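For reference, the structure I am asking about is given below.
For reference, chains read A, B, C and D in written order, and residue numbers begin at 1 within each chain.
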Amino acid sequence: MTATAHPAGPDTFAGRLAAFSAVGRWSAVNDDLPWTPAPRSMPCLWRYADLRPFVLEAAEFVKGDAAALRVITHLNPGHRSYEAACGHLYSGLQALKPHEAMTCHRHAASAIRFVHEGRGGWTAVDGDRISVGAGDVVITPGRRWHEHGNDADDGLVIWQDLTNDPLVNTLGATFFELHPQGTHLTSTPRRDTLASWGGLLLPDTRRGHQASPLYAYPWEKCREALDAAARAGHHDPYDGVVLEYANPATGGPVTPTTGCRLQLLQGGERTTAHRHTGSVVYVAAQGRGTTVIDGTGFEWSAGDTFCVPSWAAHSHANRSSTQQAVLFSADEFPLLRALGLYAEEAVEDAAN
Amino acid sequence: MTATAHPAGPDTFAGRLAAFSAVGRWSAVNDDLPWTPAPRSMPCLWRYADLRPFVLEAAEFVKGDAAALRVITHLNPGHRSYEAACGHLYSGLQALKPHEAMTCHRHAASAIRFVHEGRGGWTAVDGDRISVGAGDVVITPGRRWHEHGNDADDGLVIWQDLTNDPLVNTLGATFFELHPQGTHLTSTPRRDTLASWGGLLLPDTRRGHQASPLYAYPWEKCREALDAAARAGHHDPYDGVVLEYANPATGGPVTPTTGCRLQLLQGGERTTAHRHTGSVVYVAAQGRGTTVIDGTGFEWSAGDTFCVPSWAAHSHANRSSTQQAVLFSADEFPLLRALGLYAEEAVEDAAN
Amino acid sequence: MTATAHPAGPDTFAGRLAAFSAVGRWSAVNDDLPWTPAPRSMPCLWRYADLRPFVLEAAEFVKGDAAALRVITHLNPGHRSYEAACGHLYSGLQALKPHEAMTCHRHAASAIRFVHEGRGGWTAVDGDRISVGAGDVVITPGRRWHEHGNDADDGLVIWQDLTNDPLVNTLGATFFELHPQGTHLTSTPRRDTLASWGGLLLPDTRRGHQASPLYAYPWEKCREALDAAARAGHHDPYDGVVLEYANPATGGPVTPTTGCRLQLLQGGERTTAHRHTGSVVYVAAQGRGTTVIDGTGFEWSAGDTFCVPSWAAHSHANRSSTQQAVLFSADEFPLLRALGLYAEEAVEDAAN
Amino acid sequence: MTATAHPAGPDTFAGRLAAFSAVGRWSAVNDDLPWTPAPRSMPCLWRYADLRPFVLEAAEFVKGDAAALRVITHLNPGHRSYEAACGHLYSGLQALKPHEAMTCHRHAASAIRFVHEGRGGWTAVDGDRISVGAGDVVITPGRRWHEHGNDADDGLVIWQDLTNDPLVNTLGATFFELHPQGTHLTSTPRRDTLASWGGLLLPDTRRGHQASPLYAYPWEKCREALDAAARAGHHDPYDGVVLEYANPATGGPVTPTTGCRLQLLQGGERTTAHRHTGSVVYVAAQGRGTTVIDGTGFEWSAGDTFCVPSWAAHSHANRSSTQQAVLFSADEFPLLRALGLYAEEAVEDAAN
């Protein structure tokens, strides 16, 4: 079959060309290639109070075992067919019932977990069995064996999974494995990465950690760091007092694609609006505030999740004039920076 | 509206949850997250002889001017709604008519151009006005002003654009600008990047070039390098004699996301099968061969384009027992490596 | 004047050649170029109890003011004409009397200070005014303004300066300046680098710190890190439990040329002998032990200083069977590694 | 023996202290630590015409064999006891007689060789047997086996060795080995590093080359690069048209400590004076000129060697108004930069 077998002329051009898996592109700017970023993700807020009942309900009828999950996934309304909270960041609320444990597994994707509530919860990564409580952050770099459990006699443990699954999948790099023994804790040397990597001094051999060798970031230590930075005079016009969870082996982000930050808004503080490439998923860790995203205000309280799509103008305000507010966030900045695609600008916008 | 306002029970769970932009995820492995890479892109071959008539036909009815293009885009049949040849690599055949020139523009995406035919063609990047002929490769790093033209009195100039547009767009980092004067050549200092960066000695100030400061890779010099490497004994079981177009300022790939390579298959050579993460778009530069991709053979001749999706097993064979065959290719390896997602393995498969 | 004007023959060759500032070199191996490292520095031990009286005595007749010092310098007996404790590491005991302060200055060399004794001592680096006590380590990167003082009403503050002065000087890169106002604390923004850089979270802008932005390493935190590492199972056959004072912005050493480490020897522990390129100056921080260097034992107690020259075989033993011993050390490993000259090997030697 | 056993008082202080291998240091600025760099090396010029007769004479009575050399070493008059041409750069003229070959050896030091004259000379590095002629530069990274020879039937081959021996030795990192078979060419795979690394395309595996994998820099290619850079408009006020011999795997200098450059002075050109830390040894490759160093003019012609000590102000002038002049140089810039000790400034000095 050849093109000449068909009647000539622009009118039938597309049809004839389609037979050869090709299409005419007559403009450098189109829906697929806008003048400026036009991500499919929309700004969105998910209230913890709205989703928590579903987490409890799911715990009744969803069994957690091999390769299984029990996660209420934050689904961006801009792309319901595509499981991501924003851009290529996956976010979901995972619950573990008393005495429940999850089969050990590993995958190419990396995960950042923020704990919302519950006692007795633990997550084990690469031999480091970490007991977690509210506000703790646990890093699971790609391809490391990990498993989770709840040792408590009653009460759910609920944490939020923030992963780069959507990115890894769209890049065709997804790998998932279950551990043959169901647990890696019997065969992997026990580690205490906080003891090894959480101090001012570091192990003497620490070359080439593309992801953080430190898996546990306890809430108290992180919150202390934020207060110390505030006392030391750190302040950013767009984000208040903001610090990044750091890979101690490199001083860089905790994973090659996704970073996470903790920021403090003083009572009554209102930040300047800006925008940048790269999506961000925020989790309110403390207090209550309002974040204006492309002109729309989103009111959040502790526990709520909201997202700022790439290039959306945004500013944060603490709704309390006296209490501090703290936001945890996971961002795609390392991804954008590694590819030379990070851009940022201040926004002169009354709405923001 | 609250969840409790609805009838309880798993049967209506999804519907009630959807109202809060959330969805239950009960399994770690699903269509979105397979056990191993399952890219939407399919192996595909596009014959130059099939598409060239469309390029000629389009030249008659598509006017090339501001922000306009005249490109026959290679559209992967795995995702017709999504303009990419494979993975996040865009590929298309662009034509310029005699005395035609394209308005100067710049964008966040980076482009690699492989010239198929024509005399008098030129492309200017960041002040370097490069005259191009068959086999030449031109690099356009992101955000550099560039424009193209055809100085010949007759005959089309046809080249292939290989860009990371799909990646930049899906990451929400697209920026496109037209040059206010229509051309940058009157306002930008003239450069000769081949003279500055194409030798054994380099300019004395060359720190922090994330993309190549060398824009022109003439066919003769590249082909010579391939022969020299062959004489020097270079050989890879999976790719024959293979060399990468290098960023002279870093020794790395030509752009942060996309690399390109030139490989030589000796008469009768047949490579071993392997697979890796990261898509590759091949353009046959010389000779004729067969590439077996996941068990299916694709026969190519000089000018043809074909693609190998992420993780697809593939091996190459030169169909001539006496003539050399040469493949040019653009790959996503820098992208995958930068993110810690590159994986590779040999394949024991008779079919391959 | 030409060579031929002189009588010919090897006998007068050297003399005639010397007139042209040249010399014949007939062997690739000679005193200047041995088969293996033959540093001029010799192993040596300096007892704190021996030098402390001189520190006290000097405090009586040496006035501390502009560009002046009061330092008892550890002088390696292998090169008395050359002020270094070992290799290119300078070491000396500095004392400050009550209410004494030193004029602010800066230099190209970088300094690491280990505090031996005294209350009320402080050192200010680049705006960070650090109160120091026994065991604290303070980093002064090159070219940062710094000054010191003693706020106590009685008692000397004594600390040990460990600098790369000999290296910077032999490389012809020495620069020294006095601050025009005598102090930088009135004109430089106050900093608290421990607050900013001493936690798990780091400031959001931290690119390109060749030297540590953290200046204060308090003894308690460092000692805790050592205990934590011991509990976590860290152990090195040559150095026991050993950790490096880290540059939090890079995960690397505290300065580009000199690193420092803290190591723990359990009661009765005796390490395996090894040798490496790069000099090390040790300061006993706790306990008592014996270090065998090239077959000679050096007995140390808390406060003592000793050195291991490049390539000298050495092993450490804790002389107490029950008490822990701790060694602080400054090393040239970053220097050797940056230049591709680091080498290390285990030593099979009964003497060691 | 204790300090108190001696009579007290400043007068005897130094003597008593010396018994404990220590010395009082009462000033931060002294001969060892000047306010600005005061290297022992002095500016110096060595005429090729003066030294060549000695090279010929030595060839008569010095036998070249195992571990032996026949080198006329440029000895800086500022430190006759210390074999270096300037700073820590060694320089010497080596000669090989017809059918003479040197025993294969390797060392920690790295060498850069500039060929002055002779046909039939060859140097083999790590399996790459390179035939050399006037103007060629050969790189021998540290610890690579290498050997040299002269295949001609008559005439000496004379080249200049530029090494970092003085640095490696003063750092206590010297290692020297003779190859057990006397040659490595029978046991090492043959390489052609110019074929592999000398083109626009590079081998596909090239990570972590701290020193250049390219050993041969032929004069024609280097000279061409200089002309091309001149045509492309490169020009530096202090050095004219200047290019650096590049490590193609990194875009950096050819070795971690020593770089080399080639610079072109157009007819009548006179550069602006500047100074920088780091020593430089220049070899006039073409033409004749005058370099003013700290106020003293040194007239050079092709073949001559001269040096600029660290921080010495210097400017170059081409003494011909019509002919081009070319200077080859080896510098310590990579060393100084790696250690954060590089400094540079323009000099407002009539004398320069």
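Keep this in mind: contacts are C-beta pairs under 8 Å (C-beta built on N, C-alpha and C of every residue); 3 or more make two chains touch, one makes a residue touch a chain.
For each chain, UniProt lists the protein as follows: A, B, C, D = Cupin domain-containing protein.
Remember, it's a predicted structure, so these values are computed and weren't measured experimentally.
Common neighbours of subunit A and subunit C under the contact definition above are absent. For the pair subunit B and subunit C, the distance between C-alpha centroids works out to 52 Å. Distance from the subunit C centre to the subunit D centre is 30 Å, each centre being the mean of its Cα atoms. Inter-chain centre distance (subunit B to subunit D, centres taken as mean C-alpha positions): 43 Å. Listed by label, the pairs of touching chains are A-B, A-C, B-D, C-D. If you check the complex, the residues on subunit B that touch subunit A are 2-4, 8, 10, 13, 16-17, 20-29, 32-39, 41, 44, 46-47, 50-51, 53-54, 57-58, 61-62, 67-77, 82-83, 87-88, 92, 105, 107-108, 142, 165-177, 210-211, 255-257, 277-279, 309-311, 332, 335-336, 338-343. Within the complex, the subunit A residues that touch subunit C are 189-192, 194-196, 198-204, 206, 209, 214, 217, 221-222, 224-226, 228-229, 231-234, 236, 239, 242-251, 261-262.
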